[in-house]
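The block underneath contains the structure these notes are about, expressed in structure tokens.
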Amino acid sequence: MTDDIEKKVYRGRIKVPYKHTAGAYVEKFITEIGKNNKIYGVRCPKCGEVYVPPKMVCFKCFEKMEEWVELGNQGTITGFTVITHSTPVMPLDPPFAYARIRLDGADSDFVHIINEGDPNKLEVGARVAAVFKEKPRKRILDIEYFKLV
Amino acid sequence: MSRKKKGDIFEIKWKTNLPYRWSIGKLAVKFFEELKENKKILGSKCPKCKKVHFPPRAVCAECLVKMTLDDMVELPPRGTLEGFTVVNYPFTDPSTGGIRPFPYGYAIFKLDGADTYTMHFVNETDASKMKIGQRVEAVFNDELVGDLVADIPYFRIVEDEKEGD
Amino acid sequence: MTKHQTAIVGIGQTKFRSKRRDVNIPEMIYEAVRMALDDAQLEPKDIDAILIGNMDHFEGINFSEMWTGIDAAPGYLKPVVKVATGGTTGSSLAICGYHNVASGIYDKVLVIGWEKLNEGGATTGIITAFDPVWERPSLAGALGPLALMAGMYSAKYGITPEQAAKVTVKNRSNAANNPFAHLQMPDITIDYVMSSQVISYPLRLHDCCPQSEGACALIYANETEVKKITDNPAWFHAVETAHYYTFGTDDKMYDLPTATIASKKAYKKAGIKDPINDLDVAEIYEPTSWSELSWTEALGFCKPGEGGKLLDEGITQMSGELPVNPSGGVLSTNPIGATAMVRVAEAATQIMDRGEKRQVPDVERALAMGFGGSLWTELMILGKEPMR
Amino acid sequence: MDKDKVAIVGCAQTKYEEDKIDLTVSELVFEVVHQLHEDLGITNDDVGCVITSSNDFNDGRTIANMAIQDAVGSVRKSESRVSGDGAFAYVYGAMRILSESYDTVLVVSHCKCSEVNQYLVNNSIFDPFYQRHLGLDQVSSAGLMANMYMQKYGISEEQAAKIAVKNRKYARDNPYAHLQKEISIEDVLNSKMMAYPLKELDLPPFSDGAVAMLLTNEAKAKEFTDTPVWLKGYGSCTDAYYLGHRNMTDLVGLELAAKEAYKMANIQNPLKEIDIFEVYDAFSFHELMIYESLGLCKKGEGGKFIDDHFESNLPINKSGGVLSSNPTMANGLIRVAEVATQLMGKAGKRQVNNAKIGLAHGMNGICSQGNCVLIFGGE
């Protein structure tokens, strides 16, 4: 049967090695994580909110943000889900959790992975701490995951 | 903003690797069957305006009429060179992620009996040897598998008509 | 007459370069957006809707407008829509902006075209635009087909490589007066072009456009809003698009039929009888030197085959009757998603008499052209006064 | 916006299926364009210009609309492509009529989910700096949103399951729908968990399909139909991009878009004044959140709303919704086509009697980031 399908289709790929210029904000954020195991946010001069991860423009006020704020490596869960489906781009095997984490000192939620696969063990308000990768590879996964504390 | 040297750009890398399974349609399925089994090249002829399309397809753009398997017509593996070039620059081929070998001859020609043109590889990488109006002929691979570029790796310039059968 | 008159009231462009090492995608776009807002002296909240586009596989970002519309433009809690159609992306966005305002749905619209081309590579991205079964395996991006077109065009009309090289000389010396242009060569010579390596016969390196990174932003307003913003806008007189077959090779690949089709309609709408006299400047989309010669014919500036003569007679030079590409054109600057919009931005700059060193004297009507896809053409005609 | 009017005079849809393997994208689009020409008795010359909607990642082709030029008849004609949900293409088509540039506009949207892994296509929506490497996709983001909404307002998985049950039941009366087998609340609750609390039946299938419609100005409308469907109201709004910056318990973007559309169509009480709704139910909980954002009930009372109306043939997603048919890029234009079909009285077994006013909802990006709300009227 399958070669009947194969005759009807053409299999191909889009394989492109993209190289995205990070810019000052992404560079500082990722470098601080990799080098000093520190997580930084940036504060908007107009609304005063500290955003993490940092970017140049506050999307609410459309103002440039220049003031860096060092945040804690711990935070509280404001929302989570536990993943039990898998795809080729997932960095680890399910089950694991994605969560919104309000890092100490931040005014917006940070999205990352929690290495917990049982929804009963997770709850909004629980405390989590960042676990940093041994050998950083210049990407968001240089925080390998967060773990419940 | 300071001009950063090449070396120290801080970049985030991402290699896309999107596998696609494109449907080719009934006419193309027939085209590749005929190519593989009988070394034949088929186009599709609009039942209304009689325009012969190559490659074969199911919709005639002039009449917005469907073309089916019954409208497929055989085209000789020969045509007339309308234009040519020699691709002589490096680029990443998005289908493989690697650099496509170059230089390679690339031409546009009209198969005898077709009303549309076609672009394909030609086996000439010296532009001075190619001239508009020359005759070209498909060169078939020994073993045919039903893939356009594998089965017809290139068209060749026919020196003079006698030589081409 | 419910249709609203529509005008460009704000323009922003980045300094185009082959590689912006200092900024990421949203940061680069923000530069053009901020400049356009400041140019029109408008606040982010004054914008009613945002249109933003690029070509997905060039940077590998799906639904890129959802990211860039929020982090690079004031799109938060506003409409953000992406229009993308190939090399014509910039002109398709510009035309969509026109309909957004002329329809009366929105009063003030921000339109942005951008590309950070060297994050993925132009040829790589362009190849993905073509049929995976029939075209992609042998296609070498845009330069392959453009080389075939140049060869057929020169054979049919006897246009010489020197005549083509003159286009690069004209445009890249013009670009020296354009602070935004990528390649600026004030003392470029024909010999410089002719001695560059043949990368795809008959195209030499300097017959071809560069790969640039950058963004272009325009702000549109209807007649009531224009009064509050500026007394020096650029009014839309006509917008026209002509597309063609799915396969570019379904028809002969020179003489650009869609430019003839679109220009006839656009000229009729804008009341232009003879383009050379009725237009004061033209920003056309020439991916190669040969293309400008061929397109000037297809646009009715002269008879088929006489593009070379038109240039030789100096008509399309800065001092000629119809200067073409005072900005330096695509041969000087090519951030594909923004390229066709830069044509509109530069045409509007000329209308507003703000071209400084590249300004053509007393411009009343300007033509801007987009080219791309399978030999598609988009045209916009701008005027100093609203269209009567 | 009363004097200047734009009408939908006809729509055509394909049957939505898991894998239309025999059809190229061009043939798929030609099927609806040809059907529309036949239904309206027109030829390509009657079409002023074409607005299409498609996605380069889904089709595996930059300038995805280049593949369908022949099929939509845009050779030597003006065509443009909204790279987003079909509802936004309807809006651009309507704008081209209202700007008096064209008398008739053909709007087409297509999507073949069968040709590429949809999780990879959706993962590519996330930015490469902070989100993409995490492996996020449309299901994991939906799970995060569903769980936050559930926990904040005490919504139950049963209440969400009722949405899937309702829409799948309705789909039985829609000949175009992809999934036409009724399911029970137990079926939903027992289906495979994908992203807590979302199970397989809480999530839509992946479908192939296309939809087309013809828009005309007021003068031309009568030439084509005696049941034109007029645009009464329109609103569009985009929420924050980064998932952490978004309110994931209330659809703020949709709420603002709906307010705008209601204002234009001067609707005060949507539940009473609107006869038919076609909303973009991207996952079961999502439709409950949509009820709240459209003002059909108070914040947090989406669960209560479905409990109260579950048995009462609620005129919401009579087509079966996205949970029954999901050719992703065409979903928004399908919503518009279904509302138009209802208002034209041509909805057959799924017809809501004497429906006068309808609402259609289109969505772009992840978890309802980009929203457009359209209000239509029968006369």
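Just so it is clear, A, B, C and D label the chains in written order, and each chain counts residues from 1 on its own.
Here, contacts are C-beta pairs under 8 Å (C-beta built on N, C-alpha and C of every residue); 3 or more make two chains touch, one makes a residue touch a chain.
Computed from a predicted model, the values in this text were never measured in an experiment.
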**Fill in**
Any chain touching chain A and chain C at once appears in the list B, D
**Fill in**
Per mean C-alpha coordinates, the chain lying farthest from chain D is B
**Complete:** Of C-D and A-B, the pair with more C-beta contacts is C-D
**Message:** Please tell me the distance, in whole Å, between the geometric centres of chain C and chain D computed from their C-alpha atoms.
**Reply:** 33
**Prompt:** Between chain A and chain B, what is the gap in Å from one C-alpha centre to the other?
**Reply:** 44
**Euclidean distance of C-alpha centroids - chain A vs chain D, Å** = 30
**Asked** So, what's the distance in Å between the C-alpha centres of chain D and chain B?
**Response** 38
**Request:** Could you list the positions in chain D whose residues touch two or more of the other chains?
**Result:** 21-22, 26, 57, 60, 69-70, 75, 117, 120-121, 124, 128-129, 132-133, 240-241
**Fill in**
Multi-chain contacts in chain B, i.e. residues touching at least two other chains, fall at 9, 12, 14, 16, 18-24, 28, 57, 61, 92, 94-95
**Item:** Residue numbers of chain A (touch at least two other chains)
**Value:** 8-10, 12, 14, 16, 18-22, 26, 30, 59, 88, 139
**Residues of chain D defined as touching chain C within the complex** = 1, 3-4, 26, 49, 55-57, 60-63, 65-70, 74-84, 88, 91-92, 94-101, 121-122, 124-125, 127-129, 234, 236-241, 252-253, 256, 364-366, 369-370, 372
**Item:** Interface residues, chain C side, partner chain D - complex
**Value:** 1-4, 24, 49, 53, 55-58, 60-63, 65-67, 69-71, 75-86, 92, 95-96, 98-100, 102-105, 125-126, 128-132, 239-246, 257-258, 261, 372-374
**Item:** chain A - residues contacting chain C, complex
**Value:** 10, 12, 14, 16, 18-26, 55-57, 59-60, 62
**Prompt:** Okay, in this complex, where on chain A does chain B touch?
**Reply:** 7-22, 26-27, 30-31, 88, 138-139
**Message:** Help me check something: in the complex, which residues belonging to chain B touch chain C?
**Reply:** 1-4, 9, 14, 16, 20, 22, 24, 28, 53, 55, 57, 61, 82-89, 91-95, 100, 102, 106-108, 116-121, 127, 132, 148-149
